[in-house]
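What follows is chain A paired twice: with chain B in the first complex and chain C in the second.
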Partner chain A sequence: MVGPLLKGLRVTFGHLFKPAVTVKYPYEKRPVAERYRGRHILKLDEDGREKCCACGLCEAVCPAGAITLYGAEDPEFKRSDVGKIAETYEIDYARCIFCGYCVDACPRGAIIMTTDYELTVPGPGRRHLYKDKDWLLEKRGGE
Partner chain B sequence: MPKVVIDGIEIEVPPGTTILNAAQRVGVEIPVFCYHPYLKPAGICRMCLVEVKGVPRLLPACVTEVQDGWEIYTNSDRVRDAREWLLEFVLVNHPLECPICDEAGECELQNFVFKFGEPRKRLYDEPFKYPTRYLGPLIVHQMNRCVLCRRCVRFSDEAMGGTDWGVYERGYRTIVGPYESDIFAQKYTFNMEALCPVGAITSNIYRYKTRIWKLDFTNSVCAHCEVGCWLDLGERNGQLLKVLHRRGYPSPWICDKGGYGFEYVNHSERITVPLKREGNRLRGVTTEEALEYVTGRLKELVEGGAKVAALASPSLTCEDYLLMGKFMREVVGSEYLDYRLYGGNTYPERSDVDSLEDVEKAEAYLVVGEDLSIHHPVLALSVAKGCKEGGSSLYLVVTGDSFLFKFATEHANPLPGGEEKVLDALSLALEGKDYASLLEETGVTGDTVEAMARGLQEKKPLIIGGNRLTPHGRTLLKGLGEKLGVTPLFLDWGSNSKGAFQMGFWSPGGESVEDLLNKCVSGEIKGLFVSSVDLFRDYPNGALVKEALSNLDFLVVHDMFFTETVAYSDCYLPAASFAEDGGTVVNMFWETQKRNRAFKPKDESMPLWQVALGLSRRWGCSLGDYGGIEDITPQVKERLSQRLEVPTTTGGVRASHLKGDIPALFEYPFYRAGMKTDFCNAFVQLAPEPYVTLNPEFGDELGFKNGDIVIVEVDGNQFRMKLFFRDEVPRGGAIVSRGFSDFPITRALKGLWYRGIELRAAKE
Partner chain C sequence: MIVAIVIAAIKLLILFAVLMLFVAYGTLAERKVSGHIQDRLGPYHCGPHGLLQPLADGLKLFFKEDIVASESDKILYYLAPMIAIVPAVLALGVIPVGDSVTLFGRKIGLVVADINVALLYLLAVSSFSVYAIVFGGWSSNSKYPLLGGLRSAAQFISYELILGLSIMGVIMVVGSFSLVDIVHYQKSMWMVVYQPLAFIIYMIAATAELNRLPFDLPEAESELVGGYHTEYSSMKFAMFFLGEYANMTVTSAVAVCLFLGGWYSPLSFLSWIPGPIWFALKLMAVFFFLLWLRWTYPRFRYDQLMVFSWKYLLPLALVNILATGGVMILLGGI
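This part shows the complex of A and B:
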């Protein structure tokens, strides 16, 4: 009777003195692997022009149907070196499964994934998980 | 009959069959670039090379006729090798910019490289860097991507009789495209874009918007004219983005109105909520409130003994006419209905021509009273084909024709208003009587009429009576047909006039729209329901429309945009576009066709039949239990099989219409004819403002120059517009454009399309 109880307590007390594996998120963050698949960014080229040419391959390959994009022409080649940009580009993070297929499909390396996994904000609803192009676009000089 | 073996399959084919056609019969695929089933074989691209046993060279399948006993291999090592090389050569200078190319997904080069090519590139050369040519709002030409199949050039030559679109330079430096035009919009431009197997010609309207595989295509029928071309409507997320013509019916070709005239569906100015008048304002209300209000007011009027009338565009579906007609007759108790809002007082008639093939087969044509290429464009192509390929003669009695004149054997180009006189003269000439006096004011010579009469007697013609003909003109043409033993094919306005007629959407008393409007003026009609037409734009008597509408107690307009007519209304109900509702339509050959719904109506928009149901429900009467269009269609079918008596109508060209300096014809420019073209951005760019055209010699006589600004004066109304010279306008007459909702040109008219005008130079 007492034997098994003591056996169990031994495990409990044993762990009491080992270092903890949990981290105090959000005060502490766990380091992630270099190739971790977190949120996306849409890249800019050296001249600050958008790389995405709205070819729609990411949208076509996405198994979760998370990407929606429409293209537009940039006749003056100001925002794109090929004259075609994404007019709207949206990723629904409520659906995205972070598979990274979109990154693989992109012929121009315009979409990449970062190690950032913090997408939630306080408050109810999931509208904020619907990210538009402004949010996804790599900021000049940043990141 | 020659017997051949293709890849081991034996088949017997009629003599003269090409290898390609024989292979298609047994279901063997041979890749092609330049071959197209509806163009003449050209043998240019060599993509179709096949091996024939015993023949040392590879043979082009599209132009080689089979011979008895041939053993053909379409997939031997030599053939595969030849294809690989050919594709490799094509790719040497090809930009391979599929990610930004709108053709990707339906590109034949992509498909062939994927299927028959090798993923390698052994030849390196600097790719061509031709500039992208933006040829106006319809198409973009990117020479870099061209595979020189010349399908576009052949279409332009074979079907359109030649345009400014050709092949220049030689060898690998060959370029294709227009030589001098910066804008290319030639009524049938869409077909060139569709024919191009690669992305060298792409649509400017669809440019870069989305990718072809994101579109859902729905089979439907064009709503711009009576030819009723089958279209595939490409929708994404409630927007109509692209139209294709995949099923090639009734003709392999369509016109630009069908192919590009859909932008109004997504137009940002579209009003999709009901509006109710409150003093000087129209306020947005709920559908419930609007329908309640309309029913209430109509009931009030009817109970007070006043009459109510309904006018609807001739381009809606039979279901719409049927239920609206029922509502008016059974609930409101009014017999005042009409659909002939483009003017004219004729009803549809039957003919013995059943299809465009019949048209193409005719030995001769007599076309009277319509520029077919504007109002029935694909019919014009069929007539042109009959002339060009069948060697038929074409006799035109059309003022200022802009397309068919290229093919005409004899072209009587009467002064505006003279078409029916020439017709009269022609009938007399057929009887051998004297007709000289009839030609006096028409500008047509006796020789032309004589030659026509002779030609018509030699070969049995197909007679086409256009939508400009008055009842008098139709009677003349029928008489002429009787003499020659043929029933004329009469054309009507809109895309479903025949359906509207068959559904009984007209007044049994024989009242014309003019009579109804006059009744509004006199106060007999106090309430009016107008659907899907801007009377100020299309009805050829702006002054009468204005008077009638201002006199009404209650005007409901069911439409998509804020037009001038809506400005007079007391209540506006948002209408669904042709893509947002299905239904039955009847084409020019009385053939029943089905439109399908590509996506659901935007916001509160409703098709007319739903409005009719909603109103009757609120009135307290039920029209029947209709859940959707499918429940109405059986009744439509039944009505369509009935033969209705055609009421007799009268009227002809009244001489007073032509008083004044210069007789003028008021005609839509091509890109303004049809449904809601005012709200198709590309078309607005192509025909931005009204203009007047004169014959250059006549213009010189009057002292004008091409491009001058002139004042057109009619009855003291002055219109300022540009003047252009065009050779096809008869000397001594003028053609003024109409069909602009923001330009009140219909005020110059008095119910017909002709009017005498005065012209003078505008002071700066």
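This part shows the complex of A and C:
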């Protein structure tokens, strides 16, 4: 009866001096897989025009119903190469399940996912997780 | 006379401050030890290696909302957390932390009160802490605290008996109830060598008295939510925790006095290190042992707890007393 008890004590004492497996998260970060599905961005083409043509396939395929978009015409082809762009494009990150179906569905490769998973926002309220097109759009010259 | 009172008051103040320090850093030690045993780091953010965590915890608990259960028995509900801390502080008075020192031509013993019934006093006072738990459990007017309180009462009665019997062996060998005498007796050899069985039984019973794993039935989280302090919040909750860790410190201190040679150094060439430091080191070792136990063993089942107490520990303690008496007669001690 005493033997197993002592064995248990020995095991726990041994673990006291083993290095911790903890990652001190805000200071250290683990590497993320290349194909990690994180925050979305809406791509721009070479001329800086939006790729999205507001076909609505991503909205239709989204199983969580997180995407809302509304199309508009662009007769002068300034903001799009097909004459149609998304007037509004919103993703509700309180609903998004990061399945990546929107990326698969997009015929023009306009929406892709990045490896960024830090989507927390300070302050209360879910409305902060409701992201509009300005936030989603690929920054010109960046990213 | 007045000088004596002032000296006693100063000694008490210092001891109390040291106890509170031990309590604060006891909580940190608990979290650090648990963390490292589970291959984690424990608190790390506040100060270097989380050393300021106790301060942050205290501050947080002060600012927490104090929720009072509306159907509670108010007087007992407020009284219970206060009682929780009292026994440990009372017991502090008879624990010698070092030999006497001479200051300003006056010989001052490093114990607040060297009374000749110190051990009886300790046993009497430590039984008090069950009131905090039972009052807390009863007055909350909620089923889980009540169950926790009842379990605690039964556990206390069982293990208090064994605690007392385990100490009997030591008292028989030394022939005195005074903790100072008991420590003086261990100048050349620790009591744990003469009374190994008593030491083991004392540690088991003390762990049970402290409601710590593997004997934490009164607050078994998985069955009783939080046990007797389920309905407490803010500083009232903190008082229960303060009491638990203060009791741990005092119980460790008593174990050091009774079995581990008190303030005497284990090896004679190390005796230049002052007694209180030896005392603190030994206390920390026993304290660590309690933490180590907690993070190693799972909880007893309730019937196992009772069977273990009455069917195994009680006869063992009695055998220990008989054997001690027999050996003493054979050696012509009496």
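Following the convention adopted for this analysis, the second predicted complex is superposed on the first by the 138 of 143 C-alpha atoms of A that agree within 3 Å, B and C clash if a C-alpha of one lies under 4 Å from a C-alpha of the other, contacts with A are read in each partner's own complex, and residues count from 1 in each chain.
In this section, a residue touches a chain if its C-beta (ideal position, glycine included) is under 8 Å from a C-beta of that chain, and two chains touch if they have at least 3 such contacts.
Note that this is a predicted model, so its numbers are computed, not measured.
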Task = With everything superposed onto chain A, say whether chain B and chain C fit together or clash.
result = fit
Message = In the overlaid three-chain picture, which partner chain does A:100 touch, first (chain B) or second (chain C), both, or neither?
response = neither
Message = If we overlay the two complexes on their shared chain A, which of chain B and chain C does A:38 touch? Say first, second, both or neither.
response = neither
Task = Using centres of C-alpha atoms, tell me the angle at chain A that chain B and chain C span after the overlay, to the nearest 10°.
result = 130
Request  = Examine A:108 and indicate which partner it touches, taking first as chain B and second as chain C; both and neither are also allowed.
outcome  = first
Shortest CA-CA distance in Å separating chain B from chain C in the superposed model = 39
Inquiry  = Counting contacts the way the document defines them, which residues of chain A are shared by the two interfaces, the one with chain B and the one with chain C?
reply    = none
Key: Residues on chain B engaged by chain A in the complex (per definition of touch)   = 97-100, 104, 207-211, 213-214
Ask   = Which residues, counting only chain A, touch chain B once they are in their complex?
value = 53-57, 59-60, 70-73, 82-84, 107-108
Note = Listed in rising order, chain C residues that touch chain A in their complex are 33, 35-41, 44, 292-293, 295-297
Request  = Name, in rising order, each residue of chain A that touches chain C in their complex.
outcome  = 5, 8-9, 11-13, 15-22, 24
